[in-house]
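In the part that follows, the structures are each spelled out as structure tokens.
In the two complexes below, chain A is the common chain; its partner is chain B in one and chain C in the other.
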Partner chain A sequence: MVLDLDACIDSLFKRQLLAESVIREICEKTKELLMSESNVVHVSAPVTVVGDIHGQFYDLLEIFKIGGYCPDTNYLFLGDYVDRGLYSVETMSILTCLKLRYPDRVQLVRGNHESRAVTQTYGFYTECMKKYGSAQVWHYFTDLFDYLTLSVVIDNMIFCVHGGLSPSIHTIDQIKVMDRFKEIPHEGPMADLVWSDPDPGREEFAVSPRGAGYTFGSLVVEKFLHENGMDHILRAHQLCMEGFQVLFDDQLSTVWSAPNYCYRCGNLASILEVGIHGERHFNVFEAAPENERPSPTEAQRSLFGSNGNGTGTGGGLNGGGMFAGNGMNGGSMAYAALAGLDSGQDAIHYFL
Partner chain B sequence: MAMHTLIKEKGISGINVHDWTVLSHKTSILNSQEIDNATNELGIPIPEMIFGNNFLSIEHKSGFKLEFKALPALAMVDQSSKSSDLIKVSYAREWFEKRSMANQEHITDVVKPYDWTYSTKYNGTNLSTDKSLVFSPTTSESIDIEQLKKPDPILFYDENILFEDELADNGTAVLTTKVRVMPSCFFILLRFFLRVDDVLFRIYDTRIYHRFGTNTVIRECSTRESSYRETRSRIPRSKGGDLSLLLDSNWVSSQLPEKESQVEVLTLSQA
Partner chain C sequence: MDGSNPHREGLTTLHHDWTMIPAGKLVERQTPVLLSNGISAAPVFDEAKNSFTGMFDYGDLMAYILILLKKMDPPQDQTLEMRDLIQKANNSQSVPLGEFPKLQAVMQTTLHACGLDHSNVLSVNGNAPVLDALVKMSSNSVSSLAVLDDQGILLGNISMTDIQHVMKHLKSSWLWISCFQFISKIRLSRGVETGEDQYPVLDVSAGSTFGYTLLKLQATKVHRLWVVQDNGSVAGVVSLTDVFRVLSKLIDN
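For the complex of A and B:
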């Protein structure tokens, strides 16, 4: 059967999942395509830059509504497509289809969540298991992650990356020769590009008290831009209430595109529209309207990172509690029956 | 059924019952101006998701008031020079070794030490007008768990997040409150939950209990901790590679041994 990408995109816009075999084929083809992409992809403005999405598919649909649909609008996505939100599968499916359909108009940069290790704890793995009943789809996508590019340069002026700068990288050429086709390592330049954060209170690099990872200061930014003849660094990776943040005398911007992050932060989001003369405009938006969002029950399930097996915020029934251990769903039902409660008022409320 | 009125305003929910008022306020994370102020005040980088304006409070007619808020909780995070030596992420040793091989050891500038896990034994802010209203240790009283297991109707229930940080995807540190008010009593759980991937789990719980008609408020604080490996090994075999149980603080809590606990009591003045 011939792969009909337009049909795939249509059905995803209608919130329908693709078949496992289709995802497999799409991932294979996209890997071939990405294999020939440089670690530093050069693009021209106008382009609309999108920060972290984290599985908030309904908000991604809102982004297309606000920013325009492909291929009318060129898009640069800065990574962290998955985890945390409830629709990582839909988000990855549509982004992969769009990349394959319009390779020169859609760029996908790798974020620190585009990793096997991270997605195993932060939601994507569990979501794949839940929606497809096996880990196959997770394998297809996480294998694809290894091929995503690390950075994009817009019109030789704006350097775009998920996290930030690295003490081992002084020039763009150093990024070009890196071997990126692997799981994100814990240390080294590839890790730094997806992990590091700016620190407006500093000038140089500093080591995080966690014992791994860097923050970078104003002089680092200035030196990097000067050395590479550029005038701006554009990155994502950090939540901010306003949806964007501009630092270091307008030399660095953070763009954040997941409104009401985790369905509870109440923050704004933005996409950054870069015009043909390099002008930057943050298009700020709120969470998708009520009827476009997951139901409160679904959102509730994600609250406190619960695994969506119905425990919700959990019963708090620990140790000597009546329903210790797992099987909380059954537990809460039993409790509701015991207590003569309707099923809405279950063990969640009877925490201990 | 106890006489009570529910409170529902923008961002605030709560209940008036007997001589008590319980309020829970939920709003968005702090904006960048508020974050700058809080950072300066606390002297440490604040958690990624900081609900600095959220609170849970309980107030008694006699002037007793206890509040739960994020910033006072963060003020108790260890900032001593030793604080960041306590726990390192799982790959810290490897990171430092490879770093010296890559000749990056000239970067000796370490961000001012603080306990980056945000571990806090905060157990509420006492805002009582009467300064004699304080909690003191007791061995004769404890929270009536049997009472709390009864399926009494719940007049008011709420949960609230004070702060949350993913520790740059090395785990989770989260401080939450839950409250339930029944006709005969109320019960609060303030929980600090920490997971450092491949390193450890830690839970600091504070439970507050009052039985209406009595003149005491009981506070029970406990510490639970265990290694990541030990806790992970307790995932039922049937769950296989699914690590999501490790995200569920209730499941983790049921698996962690208690290291310490303390009970305190506060006597309300005769109203």
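For the complex of A and C:
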């Protein structure tokens, strides 16, 4: 198949889904590309770092608006491209195409949501079933996830990973020799890198409340930076109301790029712009304007046409008022998990 | 800790005041009360004051043990008695829970060696409706079931508390969705509240140590952890009751 990546990217910017066979092709080609990437990819500034996106495609478009489009801007994405949001498929599709089209300008790091077990629970699997009528696209993407790198180092000074540190990992070299080409295990260093969180109240490691990975404290951060000759750790993985958070005396930052998370948290988001002299600037932004969001019908569309599932009232979505104006609520996240149900079922709203 | 966290089913989350009773005597006296009555919390009666002065639960006991083993930071607002206790532990003086080294040895034993990976696990298939899970929990008098896929691999945990929580607010049509869909929805909502998603399956491997299991129970605030083999199939379960059964043997010896 002759792949016209520019045409694919164009379609995706217009919010059109790619055909299943095209997805298969871009995933195959991207896997070949990623196979030769180290578990620790070295890049140079300037680069713009993006945190969790979670299928919030409109906010990804916002990121390109404020940060610049590829290839004019170098991008480093820290993972969690899918789940929870309504457009995980479009988000993952466009990022895969951009990586394939501009391999040296786009880096994709694996997040804890780039996993078969997690995407079956948190929405991506269901969204693929709904939009393509089968699990095939989910298989293509989750196979691709196994190839995503685990970390990036900017100018030998900033260590970038999705989650955080591991008690099993003291040096960058230890990460380089890991076998990453598999599903993320429940435990161990690979799990820790994508699941761990910093804890400013602690000095050492502790078991994480998430059920995977660890929490780590100030002494752990200092030791890691010192042993590896670096001065900053950059990660994502945790919601930040202000869009970012700086800890441990500016030795660690969290960048979060999904504004108004799940369409109800009301948080800001940010992207981190790293300059050629190592300067770090958080570019903070709000959720994309309401009037650019799609109507419920458009959100329901699948590859089989806009009413593919006969969803006049929206299969599983509440009739009327769901997306209009300020009608966003937690129920819209249940959409992804509801997609297997008959349209006769009630919508489930989490008013928690 | 507030009283409304659905993860803490079976455990009281009422605030307690450690000043009321010397902590050492508390643990010595209260643990057998919990175990022999099969309850998860007991009111503490202070003979000197001739009144009930608080509640003692498994969470308290676990916190105490973890402090004892210096794996946890002492609480900020510790009382004089608690400070005494911690100092005793640090100086390896005799502590109410029996010999320190024996406790350490147990903490380092694997779950397999403790025999905790041979329980009869009650489970439900992920595709079965929630109603089936409810019926099974009810007829077996358990509050939780492992949710398995067709190959017997652990997908998650479904508990009575989750179901009750949902039914308080919503319609009974939830009873007919699949167990897997149900636990996904629970996970979806919880992650939004905290801004942090949890791992879909809260488990521990049969080769993990008893001490690590305690730490994970404490950190994740769940009532039980499923014990799994390397391939992800369920071999047993470790609940707080199991934890204290193992520990109480040390007290008896």
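Please note the rule applied: the second predicted complex is superposed on the first by the 288 of 352 C-alpha atoms of A that agree within 3 Å, B and C clash if a C-alpha of one lies under 4 Å from a C-alpha of the other, contacts with A are read in each partner's own complex, and residues count from 1 in each chain.
By our rule, a contact is a pair of C-beta atoms (placed from the backbone, for glycine too) under 8 Å apart; a residue touches a chain by one contact, two chains touch by 3 or more.
Here the structure is a predicted model, which means the values were calculated and not measured.
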Partner chain(s) touched by A:Leu3 [first = chain B, second = chain C, both, neither]: neither
Chain B versus chain C as contact partner of A:Trp195, first or second or both or neither: both
Residues of chain A touched, compared between chain B and chain C (which is higher): B
Contacts of A:Asn112 with chain B and chain C, given as first, second, both or neither: both
Chain B versus chain C as contact partner of A:Ser168, first or second or both or neither: first
Which of chain B and chain C A:Ala206 touches, first, second, both or neither: both
Residues of chain A contacting chain B in one complex and chain C in the other: 112-113, 118, 120-123, 186-187, 195, 202, 206-212, 238-240, 261-262, 264-265, 267, 340-341, 345, 350-352
Residues of chain B defined as touching chain A within the complex: 27-32, 35, 48-49, 83-84, 88-89, 91-92, 94-96, 98-99, 102, 104, 107-114, 116, 145, 148-149, 151, 154, 157, 159, 161, 166-170, 172, 174, 176, 178, 180, 189, 197, 236, 239, 241-251, 253-254
Residues of chain A defined as touching chain B within the complex: 112-113, 118, 120-123, 125-126, 129, 135, 167-168, 186-188, 195, 199, 202, 204-215, 238-242, 245, 261-262, 264-267, 304-308, 311, 313-322, 324-326, 328, 335, 338-341, 345, 349-352
Parts of chain C lying in touch with chain A, wherever the complex brings them together: 73, 156, 169-171, 173-174, 177, 181, 183-185, 187-189, 191-203, 205, 212, 215-216, 218-221
Chain A residues touching chain C - in the complex, by the definition given at the top: 83-84, 112-113, 117-118, 120-123, 186-187, 195, 197, 202, 206-212, 237-240, 261-262, 264-265, 267, 330, 333-334, 336-337, 340-341, 345-346, 348, 350-352
